[in-house]
Amino acid sequence: MVQTGRLSARRAARTGAGRRYVPRWRVLAVFLLPALLLYSVFIVYPLVTALDYSFFEWRGIRQAGFAGLGNYRDLFGVYPYDQQLWRAFGHNALFFAGTMLIQNTFGLLFALLLHRYGRGKRFLQAAFTTPYLVDPLVVGYLWSLLLNPTFGPVNSLLDAAGLDSWALPWLGDTRTALPIVIVVNAWQWVGFPMLLFSAALAGIPAEYHEAARVDGASARQAFRRVTLPLLTPAIGVVSVLTFIGNFNAFGLVYAMAGSTGSPAGSTDVLGLLFYRVAFVEGGTEAIGRSSALAVLMFVFIFGVSLLAGSYFRRRERRLL
Amino acid sequence: MIKRWIAGAIGVLAVALAACAPGGGEADGDKVTLSLWSWRVEDVKAYEKILATFEKSHPKIHVEFKPFQATEYNTILATGLSGSAGPDVAQLRAYGGLQPLVEAGRLVPLDGRVEALSGFDAKLLEGAKGHKDGKIYGVPFAYQTLQVLYNKKLFGDNGIRPPATWDDMIAAAGRLKAAGITPFAVAAGPDATWTLPIVHEIFGNARYGSARFRDALLSGAKKFTDPDFTASITLLKDLEPYFPKNVVAVKIPDVQALFATGKAAMYPTGSFDLAPVLAANPSLEVGAFQVPPPPGSPVTTPVTPGWADGSFGVNAGSAHQAEALELVRWMATPEFGQLYASELKQLSAVPGVTPSDPLLAEMAKNYAANGAPYTLLVDFRYGQPNGDAVFRDEVQKMLIGQTEPKAVAESLQKGVEQWFKPGD
Amino acid sequence: MTARHRAPGRVAVHLLLWGYAVVALLPLVVMVLNSLRPTSEIFTAPLGLPASPTLRSYGRVWTEASFGAYLLNSLVVTCGAVLLGTAVSALAAYPLARYDFAGNRVLGAYFLAGLMLPIRLGLVPIFYLMDSMGLIDSLLGLTLLYAASGVPFCVFVLSAFYRSLPGELDEAARLDGAGEFRIFGQIMLPLVRPALASVMLFQFVPLWHEFLYPLVLLRSDERFTIPRGLSQFFGEYTTDWSALFAGLVLATAPLFVLFVLATRQIIAGMTAGMSK
């Protein structure tokens, strides 16, 4: 029976994705043009212009001469940017790994636990998503207060519980600062994967689970053989969006660690580096160098996202 | 379904469109409205009062004060000066921060247009000049001085007097610490690192040799790796036991609160911090002292480092340049300076203005007698990386034990060498 | 009936879920409490309970900072942008997910590309673009920019949802002679309603908080959005925390209402999906 369930799902997917409708151009135009126009004028055009900026020398906001790859060379060659660039990149990678591990795992766990939860389900869903409604700058500020080593309640609680050795300076310690930022970020965003996974779970026909159960599959087997494969599209979407979001991380890190990624750059990420070069200490060169940094970020993030997107799409087809 | 969405969207857009009809005209009869941009959102009320005085003597000009969030001001001003609906007069950053606007040609040079500038202090005018062309682009409005603020009551309770020697100061700090009081309110946490070069100036300016060392740096005779400069960094490391615990987790509001509530006795900071501290606790009795030179200092008298805070300049694209010049000319008069000093509790850059606040007056006196440039800000922000930016990151590292004073000095030298050419 | 978890397991689940709910909500209580205290009190004890709770900050935010006008502006801009952005994206994502045509993949990548860049990067060119169109200090300009900024995200998520719908649905409708727009409007769109509600919610929140573009593009006080208006409380060396918190509570309240409405949609859609 499990087999039949999977087979029919596979058939459904194949008809959906395999033999697809070929539309007339006029139909296509009505569907696509409004979005294309809006998006191209207000997003693509300015961004392409900004990319173009990266190849010029700048005198403040006045374009001077053509710089070729000069701005890129500066990023890789001028101290301390050369060191900060790689350091920030590494932190972004950790940020992504940590978020996948904590935020998305808990998002999936909450979605599964709440899927058939009785009274209070709506309230819990709302409560878990509430932090997302608050501005990241405010979230960062509130958690900085809570984690403050002198008057923060987190350390007071640890002291009261006799765990004084656990009462660390948190955001003032190079070992704990980045993990703390990752956890607070997960705290704020966990509702996002939870809602997407909930929607995907709700879309799985109940017959599949019943079929698995009749077949004598344990709960764990049913989860691995039925639920997880059918969640693949949602996992793909969540992973790619997490990746993009984490490599552009800015607001929360800025609020918790300042523009320099305090302490000692242990929380510095590419978003902060961009902010510093573009807005804080960029001086006359700001536009050229910050645009060059943005191009590098774009190439990397876009490249990885495309690869990941096609990987998940292939996996979707194979699993179903 | 989709029709409803689209209808809704169009409806909303129509409302938005109606709300976007062109705003009120600029000229009201023959009265000209000037737009004055600033990064001081906390000063709205004071400026309304100050500008009312200007409007009384200039009935044909109305000035609108528009403050923006300080952290984003540079970007807003850069775009605002190059597009429509920009400012006529704008508050300008000093030294390196001014250069992007000068080099983009967005400002009117004031040489010969504002005569009173010739009477201004040359040190302060430096902050309003184009680095390459040497022209003056703004009327300086304020300067900041660096010193240690102290809590008079705590000093009295612990039998401490403002220190005459470095050793006195260390002894006082030890006594305060033993009494459970934080001796020095210093923050090195997120977004407080910019205060670390300031703290270094306050304690170490005399130790590295003050203005004479600065001249040697600029001419190329000396480098930041000089033993005297390294020794001045070491002072911070030596003083760390007297800073708050976990100093790299401490933010600026934390130390302001520590000092305002009497939990910290001394606050090494700039004159700009006096108003916020007194606003938090108006009954606080505050004194100020200049740090006595530490042993081995090339300079043996106490120093008050300082810098020009900023200036007011005229937008080259302004449609009302004559009136805008009229306004900045007024901003160079003692009338403006006096109003500015009394309304905002700041040190006015206009010559001959004395602050009414006795403590500010003392700071002004100290600066006039023993002033020295805060060299990392004044001279090493003309290229990237900024000298003080490299320095603050390295000092923070030193405070958590990741690096040593000698390495801090080497990194600083390496950073500024990316663009700084001695003798320029 | 379904096999239920054993009792200890269920207790653990309840504990985890309700315990986490407390962790999720507690910091927000701090925000509300601080809005009821004067700034001097927040300054000396950032986390204490209000000594004498007062609504004075709310009054100040409402009068001194004409919060009512900001609220209206924010509503116009954010609702307009979300509706417009979602509408055009719901249209565009459909052919990308379900039609076969040359350039499909390329177009998908083109839309995805906009998701990859920090919005701050485009600041200078966007300023010049808006200036050339006469859209400085205009709520319409801000609305169009925000609407466009949501397109990549919407197209990405919605096309994933369209793709997951069974192929028999539109094939059967086509055999019945239904036109493409009818298939889209009457069959497909209602089926992705939960997804529409989700993407609208997830667009709405960041736009509601966005402050950089209003700072750079808006000039007159009467057109300020809430974040632009609240930025007046961030001084260079001092922040008016009390007023700021009051403003933030007022700014976040409409989001709660929206959120409750949106989850009802999302959940209604889910149950519809389950019963079929």
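Should a chain be cited, it is by its letter among A, B and C, assigned in written order, with residues numbered from 1 in that chain.
Just so we're on the same page, a residue touches a chain if its C-beta (ideal position, glycine included) is under 8 Å from a C-beta of that chain, and two chains touch if they have at least 3 such contacts.
All values reported here derive from a predicted model rather than from experimental measurement.
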| item | value |
| --- | --- |
| Comparison of B-C and A-C by number of C-beta pairs in contact, larger one | A-C |
| Most distant chain from chain A, judged by the mean position of its C-alpha atoms | B |
| Chain B-chain C separation of Cα centroids, rounded to whole Å | 37 |
| Whole-Å separation of chain centres (CA-atom averages), chain A against chain C | 16 |
| Contacts with two or more other chains, residues of chain A listed in rising order | 61, 148, 278-279 |
| Residue list for chain B, restricted to those that touch at least two other chains | 71-72, 75, 79 |
| Set of chain C residues in contact with two or more other chains | 46, 84, 87, 91, 124, 184 |
| Parts of chain A lying in touch with chain C, wherever the complex brings them together | 12, 14-23, 27-28, 30-32, 34-36, 38-39, 41-47, 49-50, 53, 61, 110, 113-114, 116-117, 120, 122-139, 142-143, 145-146, 148, 151-153, 187, 192, 195-196, 198-199, 202-203, 205-206, 213, 219, 233-234, 236-237, 240-241, 244, 248, 250, 271, 274-275, 278-279, 287, 290-291, 294, 297-298, 301-302, 305-306, 309 |
| Chain C residues touching chain A - in the complex, by the definition given at the top | 2-3, 13, 16-18, 20-21, 23-25, 27-28, 30-31, 45-47, 84-85, 87-89, 91-92, 94-95, 98-101, 107, 109-118, 120-122, 124-126, 129, 144-145, 147-149, 151-153, 155-157, 160, 163-168, 170-171, 174, 180-181, 184, 194-195, 198, 202, 205, 209, 227, 248, 251-252, 255-256, 259-260, 263, 266-267, 269-271, 273-274, 276 |
| Residue ranges of chain B in contact with chain A within the complex | 71-72, 74-75, 78-79, 81-82, 96-97, 99-106, 188-193, 244-251, 254, 381-386, 389-390, 392-393, 396-397, 400, 402, 411, 414-415, 418 |
| Complex contacts: residues of chain A adjacent to chain B | 59-62, 78-81, 144, 148-150, 169-174, 256-260, 262-265, 276-279, 281-286, 289 |
| Chain B contact footprint on chain C (complex, rising order) | 40, 43-44, 46, 73, 76-77, 79-80, 83-84, 86-87, 90-91, 123-124, 127-128, 131, 136-141, 143, 184-186, 189-190, 193, 211-212, 215-216, 219-220, 223, 231-240 |
